[in-house]
Amino acid sequence: MTRPMEDLLETAEKIRSMEIRGAALIGREAASALKDFALSLETSSLQEFNAEVSRAAEILLKTRPTAVSLSNAIRMMMRYSGDEVESARRSLAENADNFVDRSLKAIERIGEIGSRRIRDGDTVLTHCNSSVALSIIKTAHDSGKDIRVIATESRPRYQGHLTIKMLDGWGIETELVVDSAVRTVINEVDQVIVGADVITANGSLVNKIGTAQIALCAHEARTSFMVAAETYKFSPDTIMGELVPIEMRAAEEVYPEISELKNVRVRNPAFDVTPHQYIDVICTEVGAIPPEMSYLIIKEMLGWEIEGRIQ
Amino acid sequence: MTRPMEDLLETAEKIRSMEIRGAALIGREAASALKDFALSLETSSLQEFNAEVSRAAEILLKTRPTAVSLSNAIRMMMRYSGDEVESARRSLAENADNFVDRSLKAIERIGEIGSRRIRDGDTVLTHCNSSVALSIIKTAHDSGKDIRVIATESRPRYQGHLTIKMLDGWGIETELVVDSAVRTVINEVDQVIVGADVITANGSLVNKIGTAQIALCAHEARTSFMVAAETYKFSPDTIMGELVPIEMRAAEEVYPEISELKNVRVRNPAFDVTPHQYIDVICTEVGAIPPEMSYLIIKEMLGWEIEGRIQ
Amino acid sequence: MTRPMEDLLETAEKIRSMEIRGAALIGREAASALKDFALSLETSSLQEFNAEVSRAAEILLKTRPTAVSLSNAIRMMMRYSGDEVESARRSLAENADNFVDRSLKAIERIGEIGSRRIRDGDTVLTHCNSSVALSIIKTAHDSGKDIRVIATESRPRYQGHLTIKMLDGWGIETELVVDSAVRTVINEVDQVIVGADVITANGSLVNKIGTAQIALCAHEARTSFMVAAETYKFSPDTIMGELVPIEMRAAEEVYPEISELKNVRVRNPAFDVTPHQYIDVICTEVGAIPPEMSYLIIKEMLGWEIEGRIQ
Amino acid sequence: MTRPMEDLLETAEKIRSMEIRGAALIGREAASALKDFALSLETSSLQEFNAEVSRAAEILLKTRPTAVSLSNAIRMMMRYSGDEVESARRSLAENADNFVDRSLKAIERIGEIGSRRIRDGDTVLTHCNSSVALSIIKTAHDSGKDIRVIATESRPRYQGHLTIKMLDGWGIETELVVDSAVRTVINEVDQVIVGADVITANGSLVNKIGTAQIALCAHEARTSFMVAAETYKFSPDTIMGELVPIEMRAAEEVYPEISELKNVRVRNPAFDVTPHQYIDVICTEVGAIPPEMSYLIIKEMLGWEIEGRIQ
Amino acid sequence: MTRPMEDLLETAEKIRSMEIRGAALIGREAASALKDFALSLETSSLQEFNAEVSRAAEILLKTRPTAVSLSNAIRMMMRYSGDEVESARRSLAENADNFVDRSLKAIERIGEIGSRRIRDGDTVLTHCNSSVALSIIKTAHDSGKDIRVIATESRPRYQGHLTIKMLDGWGIETELVVDSAVRTVINEVDQVIVGADVITANGSLVNKIGTAQIALCAHEARTSFMVAAETYKFSPDTIMGELVPIEMRAAEEVYPEISELKNVRVRNPAFDVTPHQYIDVICTEVGAIPPEMSYLIIKEMLGWEIEGRIQ
Amino acid sequence: MTRPMEDLLETAEKIRSMEIRGAALIGREAASALKDFALSLETSSLQEFNAEVSRAAEILLKTRPTAVSLSNAIRMMMRYSGDEVESARRSLAENADNFVDRSLKAIERIGEIGSRRIRDGDTVLTHCNSSVALSIIKTAHDSGKDIRVIATESRPRYQGHLTIKMLDGWGIETELVVDSAVRTVINEVDQVIVGADVITANGSLVNKIGTAQIALCAHEARTSFMVAAETYKFSPDTIMGELVPIEMRAAEEVYPEISELKNVRVRNPAFDVTPHQYIDVICTEVGAIPPEMSYLIIKEMLGWEIEGRIQ
């Protein structure tokens, strides 16, 4: 095995074992690994270069086959072009650098864009522990706006506990509630802000279990519902009709003693689907868009060719 | 202090200290205690009898001033009549026996009435751990209907764990979900069945936190929503405009380490309010009624005189 | 067999064989038959009188066990009272006469009450062929109001064809549409007026298949939806939780050649259920009521004792 | 003409000419006039007494034929009974005193009942200038609750200007908005409180133009909507299907120069109709009821006999 | 007349007389005819070539002036370019071949894309007889998914009978219902799938009468509603504000004896309009899009120049 | 100061002082002024040219910093390009001419596009006094369609009075209503047509106070709601998350004697925000689009570069 391939496999293994984790980080590390691989590849045949790079990309893709950020990162890089090896190499490296750069700036930019929609005195509700959503809240707070946050505990994994610690550290006044208390407090809320695991082509949001219920409560009470999502969270495959698979997690996460009960099972979906009708705006690093515009984001931002896919 | 009063005070203390608890049981024990007190009262003056009985009733009422079942039990008993002590005594005793009898039969009757609305093959969703709601489910199962139950865990106190154990024991196929997964599963559900802490004069339901969110999800998906409630859960005071006070429970119940965080508080409401528009039917021991008919139940079943109250 | 019983059995057979049919007619004929039976009964023992009359009532009830108008008619008659045979006989006869009288007047009265809610120039949409609903339309027309009717054809039995012939005969300008065109025309409609097969205790309407879809369209377009129903269409059994059974009719009624297809079945429900939220008012012979008041109608108009039923 | 009749005619004229006006006042003055008339009537024939009283009642009724409070007042008084003139006279006088007494107490009682539903810190929105609605607001304020009011100007007659002066006088912090700004401010509102001109048998509210739009905005934003209405605002005629006539007022009230425009007319309805689905509760002097219970209020509180009317 | 023109006129006549029919087939035959015409045209003047081709295109367009598929086919072909006759000829021929090819592949592709959204075990409801919608169902079935179909009969022309025969032939378990039974069965349905006659610029669907009512029922029950539509079903004219004309068909189709009735007419619209709010996704051959994206499809897929049209 | 700058400052002052006013006019005058400035600028250094033009553009922008039409006009002009001064000058002048030309044609075009959506016999409701909305109504009327208009008075500035005079002058049958009567008349309306102050990136409409309430009423009654808006009303800044500031106008405009009241303030917002869910279509000069497509309009029509903005 060549040296470049060894390094790439090492990174691949770290992603597979979740030593490297987090949608954004996975994408950036994969991009860097593929770039290094391409730069080190010793060949003067463009055909061979393309074949080797494709093989390496496949290896990275298989580490987390359902992670939209990973497949989008690889997809962007593989749009390199060149008449000969050196120009192809440079093109791929440039694509990789662009992805890393975009990813690093995205959370910050979304924080700025989203925070403009928060007014002084607003109460914000957030769910789970989304770094992009929290970037919006923190940016608003740092810009001197007096805001208050209500955070859900986010069963079954209590990511809300992490959220309240972060908010506490930033000095933002916060209330913690159980997930089922959202409808009770929603009339006090001016903005719901959540992150995203996947945005589909028709503007639906796949996010932490409970998100859709919050969106429904917000809709019932005419409360704004904002999603924070980097563009690499948008799923090109959904244009081809693919449904986003909803991960079913272990029963014990919800109820450790489940094996003692004969007639009882646990259903533990990690995510749910919020229809676009309940979403007011999606804040991406390229601007605040209505959810129905997701198809265009996929097409333009991800450089994904519809025509190419459908043949 | 007289002997009768001593006995009554003892029961009162047990209710206050929650040695005696559960809405139905509190009512029955208070009824028995007041009956015993009246039967033992040594006086031939009707005026004195009335005064003593009123004083005793007040003592019982004060043990749990917000428990609707208790105040309804006392209220029913105090509607005794009589031209002289003996007939008054008998009337009060009869009222007490009637209340105890009604209470004992209510859960069983509601089980029968409600179970007729469950069809063979239905999937039922329930929340928290309501003995009346479970009576409906069990009666349907016992009558040979093939039913399946989805139970929520019911944070923060996990009463759903008790529910799944009971259902498991009865041999009913059950799934446990976190509270925020209700919208994900609701399209599979034919009937939501929940209990009640209080029913108000305009048909709103005060019940375990999370109930209103489930009702909203059921409404969005055109799923039936049934409430099981004994008539002594209906609140006469709400006719006079009184709002049902929502108990705020300890922060530590939700997040034990809350004191470590400077800017974070916990809001832990025990109940929420479901508007009558989301309730299809309330099953009481006197029949299945639309929620808007609650005013009539209060008037007729609780024997409570509107005119009397408003003067 | 006695002569009175022979006569009664003859009527029972005519009802069973549908020689006598139509909800109102069945009720009146059964009332007359039971009255005749009671008047002819030769006994001086009240106990024997009661037993014989009960037996006769049972025979009539069994002819069409799911016909709410029949069971309500019998139920009203059986509320006779009397200390001895003659007074009991008179009481029963009076009940029977009252029922017949009420039934005869009901359609006329509902016509008057309902027609007051139609304004000059209104467009009315009706479904199926309901004599009570048409009584309202005809009364409005006869009182000089300029009205226009849209009638659905009402698949699968095309009762709408009968309706348009009646409207044509009365000189009322009418349009016929297929059932699935209702949403297209509903914005031109001021009032939807339909009849009822059964009204449940919580105000739901069981009526000809398609009614619920029309109600939904009316609700979406903020168009009034009025139900015309004699009080003997209200179902006491639904207070006890009974669901109204929905008759499934023959497949051939929808598609005569169904037997030629191996993998295809026909589902042909005769009725559907309209939730009370979509009903603005129910016009009965005792007044125009909100659907939620159905429970009271059952209790007061049908003389049906809740307490008696639940013991 | 007799002296008693002269006095009665004088009061009738004052009502007709609107020298006496306001729903409550009209009712009380008519009651007093009819009572005085009955007390002064010189006859020993019960038949004559009844005939004279009926004639006098008719005269009063015709002064303002569409005023529900007037017809309800007369209706209540005419339910007097008596075997001979003196007892009839006393019964009628008692009915009149009861009506006056009830009317005087009603606003105060509704103020108490309704104010219990206002919480400390609430923002209340009110429309037009309803003394009953304002009684609720003032009672809440007087009881020490910190409340804030938003008042609409209530075109075309600007009754809101009177409202803000009253609120200003009571020291209640108030904001004035144009009628079309309600949707903009409704998310800050905890309770909408309005009065009533008429409540119909199916719970609809007829009130000042603009009320229905406010109710719709409140519904969209999950804001509570409370109606304050004395029981004599409930319309018995609507049970018989009567629609409440909506008064069309002069064009010039809206646009004085209308006559200069050839193709333009003004439509100036004084009232609109709010459907019961948008009303959470109606506060009457006999308690807070759901709107669907209006039929029962009419029957029980107004002593109006359905059976009697329909024969 | 030249030979090429004779051939083209022959095809035009077949389209006009509906010998050639079906949206897709019309488009392809017109494309072939225009291509043949262009290839046979004997001229060396580009100006003359352009003029002749334009004249031929006009002739074809006039055969079915409201068929969106025809005008879209011609429009695509007329976007040929070329500096001289031969290159223009080749360009037009290529456009024609592309259209034919795209059309032939579209149904198959939509079948693949749409079928990915059907899960194993799903129940699908379909209306009328749409080859594209059925392509989705068949593809899902062929891929081994266990699905069940409910088909409406689709009055007045009973296209549902054709649908159930096709489904029967493919071995798919199917139920037939009358159109007005959709609300009764919709809670069992996971996906509604229908075809399209026209998609407008703002995402509305014009399709067989009854479609909008089904969409409304699906919306009420939170059931997915999917439209299958080739891109040449999208209407460019609607961008210019044109409303899609709704064809009114013969009265006798609904009620043959209509002429016997003096006051009755039949209204028989062939199509209705489903608002985009009730559509979850439109599956086209270029991907699954939200309905709001229709404007972009028109612009990009149909190559239609907004700027050109508006000058 | 140079002569060109003096002229530009003069125009700037007229815009600032509102001597020049109206969204369209401001844009055109600013375009002409900047063009004249550029044409007169004496320099051969491209760098200096660019600097001077930028400074002049800034001066114009500051005259009305929140007017979207002004900033859009300047933005379009500043997209000039050129390698040297003369080509840059020509490019800027061309941009200016294009803007003026587009603006002049836009109202006419929108009138044509929008009027196609009005059918013969329609009733149209309009609010405030929008020249673009009225262009649609007048074009429909001029094309021979028989239409009727309902106009609101549009408190607090009664722009509706201007509207009814214009409609009267054109001979269009019109009714004037107060703003709060919209829900009463909306069931008679086929189309609501309003103008726009700003359209945001997610398709929300900022328009005269009261618009959102009308849209809500239209939505409740299934009445079409159309917005007329030139593309330069679309706000690029909202893509970056900027909220549209809502102008608060003087209290005296609503209630001149406000200073006499101690506890009362007036809230007088000039505009409100209508969510895109209540808008069926936006008619622009480049076509009728769904509101969700606003982002694309901003991107394509305004030539505004997302990428450029976000760096």
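Chains: A, B, C, D, E and F, in written order; residue numbering restarts at 1 for each.
One rule holds in what follows: a contact is a pair of C-beta atoms (placed from the backbone, for glycine too) under 8 Å apart; a residue touches a chain by one contact, two chains touch by 3 or more.
If you're wondering where the values come from, they're calculated on a predicted model, not measured in any experiment.
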Contact-richer chain pair (by C-beta pairs counted) among A-E and C-E: C-E
Listed pair (B-D, C-F or C-E) duplicating the B-C contact set, over half by residue number: B-D
Distance between the centres, which are taken as Cα means, of subunit F and subunit D, whole angstrom: 45
Chain centre separation in whole Å, for subunit D relative to subunit C (CA means): 37
Separation of subunit A from subunit C, taking each centre as the mean of its C-alpha atoms, in whole Å: 58
Where subunit B touches two or more other chains at once, by residue number: 220, 277, 290, 292-293, 296
Pairs of chains in contact (touch as defined earlier), listed by label: A-B, A-D, A-E, A-F, B-C, B-D, B-E, C-D, C-E, C-F, D-F, E-F
Residue ranges of subunit F in contact with subunit C within the complex: 186-187, 220-223
Contact set on subunit F toward subunit A in their complex: 201-203, 238-243, 275-277, 290-296, 306-307, 309-310
Complex interface listing, subunit C residues touching subunit D: 109, 112-117, 119, 277, 280-281, 283, 285-290, 292-293, 296
Contact set on subunit D toward subunit F in their complex: 150, 152-156, 161, 164-165, 167-168, 171-185, 209-210, 212-213, 216-217, 220, 254-255, 258, 261-269, 272
